[in-house]
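Before I ask anything, let me first share the structure, which is written out below as structure tokens.
Letters A, B, C and D mark the chains in the order given here, with residues in each chain numbered from 1 onward.
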């Protein structure tokens, strides 16, 4: 893969998956409609290349599918489970948290569990309160569960490759609304899972993951071009867990002002976790209290979810307040 | 235990076959109308057409007003049968704040409690426990009413279904499970997701009486539902295994996921429930081509104007 | 119930449940071993008083049990589901979040869902990483889900009574290790769910819920009696959701220093949520950044979980740091 | 499809009946030892005695070393049968940092992967999917080995079990489900939690072959396991419905939850598998009272010294 070559977000995920399966004969895919008819398109062609034994269409049994992934891990296999959409992780919550995430810990490291749970965020698909949410905060405080929420093809590619190397499962929150995004995958980040400064800036730092990082970058550009130009640094987490404490603290110290943007309500997720982290800074290290821009404490409606979600406008406004 | 093979084709006392056709036609025309709206970009929401499965809606005509129905997302016919109107549906599809769900929930999960139409769930299988819980309250009240839980055959894979059926069986709840057994789960044929096509063998051990139903025959659906209702009220939860076929796509937001279905589709088209009912009315129902054409025009007109007024209401904002 | 009369924590829960069932003929109990053999003791006698129709022993089907509670709510009933222990909420996560919590919202208020999920925290029972945890943070960011975590008989009694009046479900995280605690139930708090100042103090405020609030009070007493006496105010949340923002901000302003104590890891739960809330205070309103004392980001072991949990000692030490 | 009733009482070729007794005795004495330790406060952890169910452990003797077992929390016998020692168990019970789980997991979920003993789960039903996943890898590798998933009959209520069985059946995995069917779920008799006592009817529709087993007869357990293993390897997932009885309490941390069991308990005591095996060895095995007493003393001694050395190891810290 040449550094110049560009991919869409979706192509990057598909490529990482394909390459991981080619590299590891013990990697396999479970999901509904992941075979001949690749419903999300990410698994397209995998069944032809790797065969029906390693690309398996399943009944509507996500709890068992993820539990089976944990059981397969006990014999050295890596299962990639594709959920129809992120909200569905709810029916497999026990398998994710108890069966998969606790395996390495409870067996005192005797068994590893490099499981990959692809949970596509379905926002803007008009699937209503049970079919369009982000669901990251359900898992934010679960130890030994990596969470990836890529904002670019490069983040998606490298975080997915990285997931196959871990002793613990990864919840991979890809965002279908970002599928058309295009860019290079770039070199392997070192360390893998490091937060990415997508835009330099010295007045304040915006920290976000996934689609919110994309909007934050747009907001930063608009601020830079505005009459009263401001210079917003943008940090894209990519890996939400483990949280890259170092990069966050560094950006916070450097700019003295921090805005965190997330699509979920404000009582959980990476937002409050980062505010909690920033409270570890010495008194006066920040010029202002960190600010969290989140959606109100409500579910996502079928119609007009955009009305309750952060937007480029609301990010710009929040940044202005923070800079005032 | 399976039901004694009862008469399945005679006209049920007190039922008007022309109303069977009206309900099926309304459903058919509504689904086609919604598909057009989606194609034209007139609506953003997705629909899950029940083309070919319209006869299942006739079950509603064998129920009492107090009976509750927990539909699947492909149960438009039974929802119409319980009294929801095309205009109510369009308002939900548009997601109007004035709609019963206030634009918050997808239209195929819309609840109209006053009509006994209860919410479904986006989590496949999730509405089996809620339906069983509703049946428990009917049981506690000795209300003489039942709960009908409608599921697709793909729901057999979901643990929630089994948990709910086991409890409904042990507690002998007034619970009727109606399976839209169309043999597919999106792209997967039934044999990719379970060991046998019939659902009855899975459900009987839970303490359910079961009955295989020709899901494309409105008479069989009506009689079987009446039977199941009586059984459930007598403390024998019942299950109707309705064999049918999805004559249209899986949903309005992507194309046909099934492959190599040309022959079976053609075979099932010959069993189109709407055509069957029209044919029956002509041959045995003493109806005429003109009368049927008029009925169709009437329903089509009603749907078109329902859309207009729902649209107007939304535009007023 | 005379204000003087005292009850144990467990008695208070049992009494609230009994009275609620007596007051509401449409209230009923689902659980395993809740009938003749009342495994936790809380339901003892209910089956004799209200009959087997309203106190129902169930198969091991928590997802269905809670889903059934939501369905019963659609017909005006209030189900009380007793889980064997809090960790088990995982298998019913979808029923709790999708079926129960979203019912009132998704139907636009057409249907209410006053469901009570009794989730006893089993810590110190030697049930290991899947059988002794607190699990609050799984649900912290779920809208329309009340969370109660009582620290006293009074909190337990009134919060349980309150749950029956709500249009949304309540996750009731009672703590078995507090069962022997004894005290009066006191008058109904107004508004219900208000945080409780269990100890006055002006140097700093400790905020916690459940067992951690009990430990915080002990720590405050020890600090008061120490050579370098310090005056720690202790706020017991009781109701974690909805969060009593007013009382928290008031105590923070009054003392200028805030210590939050929780048993879960630091990336979720009420701790970070409260730190996030405190960031809304104007610059300088606090003398020090809020401090979160939480267990490390790990699971609870079968043996010696006390080693990773906050203790009176560690609370005292954290308070000292905060006061330094 | 059910198994042909095979011989169930003859001595299996290559098996030494005295080893059946040794395994059962070891289990019985270990369970009693642990109950004493708990009573005396010598350990904090709880145990879930399998008193009366010891014959089920003989299944391990019909398995190959490469076969994996996912035990229930009441499967001490099969875990011993797979080669875990009393000392290993005591170290887990104590929660010693030197133990394989490092004191992190309860001893009845301890994993000894090298012995083919895989972790169970505190979530009832949770280990059925993990076991099926392990069986999938054996299937992919054509390893010629099987996975045995051991569950109590109360697990029938858990959705995870049904999801896992349905998949194992459709994919024809080398999977053996062994049910410790003791008729109770803590205080609840089977008829409070399911419509029928037998588990086979629930499992057959998933594509499993099933066989009723006298769970108190070690010969039947051995033969049935050998049969199930062969079936599973031939692409027919198998289920053994082992009827047995819990002759002791539910767990060491609280008293007997069952009421009115005096008569059935007495009846089952007459079928005590340990007594049965001792009797068999005396009558048909050419053994002597002295030999059996010596065996019992040997096992008792081994357990006592295992405890001593585990205790000493812990005290050294």
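Here, a residue touches a chain if its C-beta (ideal position, glycine included) is under 8 Å from a C-beta of that chain, and two chains touch if they have at least 3 such contacts.
In this text, all values refer to a predicted model and were calculated from it rather than measured experimentally.
The chains touching subunit C as well as subunit D are A, B. Averaging Cα coordinates per chain places subunit B and subunit D 46 Å apart. Subunit A and subunit B have Cα centroids separated by 38 Å.
Annotation for subunit C: residues 58-59, 61, 63-64, 87, 90-91, 94, 98, 105-106, 128-130, 299 touch two or more other chains. Among the residues of subunit B, those in touch with two or more other chains are 101-102, 104-105, 109, 121-123, 126, 156-160, 163, 166-167, 170, 192-194.
If the chains shown are joined wherever they touch, the resulting network links each chain directly to all the rest.
Residues of subunit C touching subunit D in their complex: 32-33, 35-37, 39, 57-61, 63-64, 87-88, 90-91, 125-131, 299, 301-304. The part of subunit D that touches subunit B in the complex is made up of residues 156-163, 166-167, 169-170, 191-196, 201-202, 204-207.
The touching residues of subunit B, counted against subunit A in their complex, run 44-46, 94-96, 101-107, 109, 121-126, 154-160, 185-188, 192-194, 253-254, 257-259.
Within the complex formed with subunit B, the subunit C residues making contact are 26, 28, 53-54, 56, 58-59, 61, 63-77, 79, 94-95, 98-99, 103, 105-111. Of all residues in subunit C, those touching subunit A in their complex are 87, 90-91, 93-94, 97-98, 102, 105-106, 128-130, 137-138, 140-144, 241, 243, 264-269, 271-273, 275-276, 279-281, 283, 288-292, 297-299.
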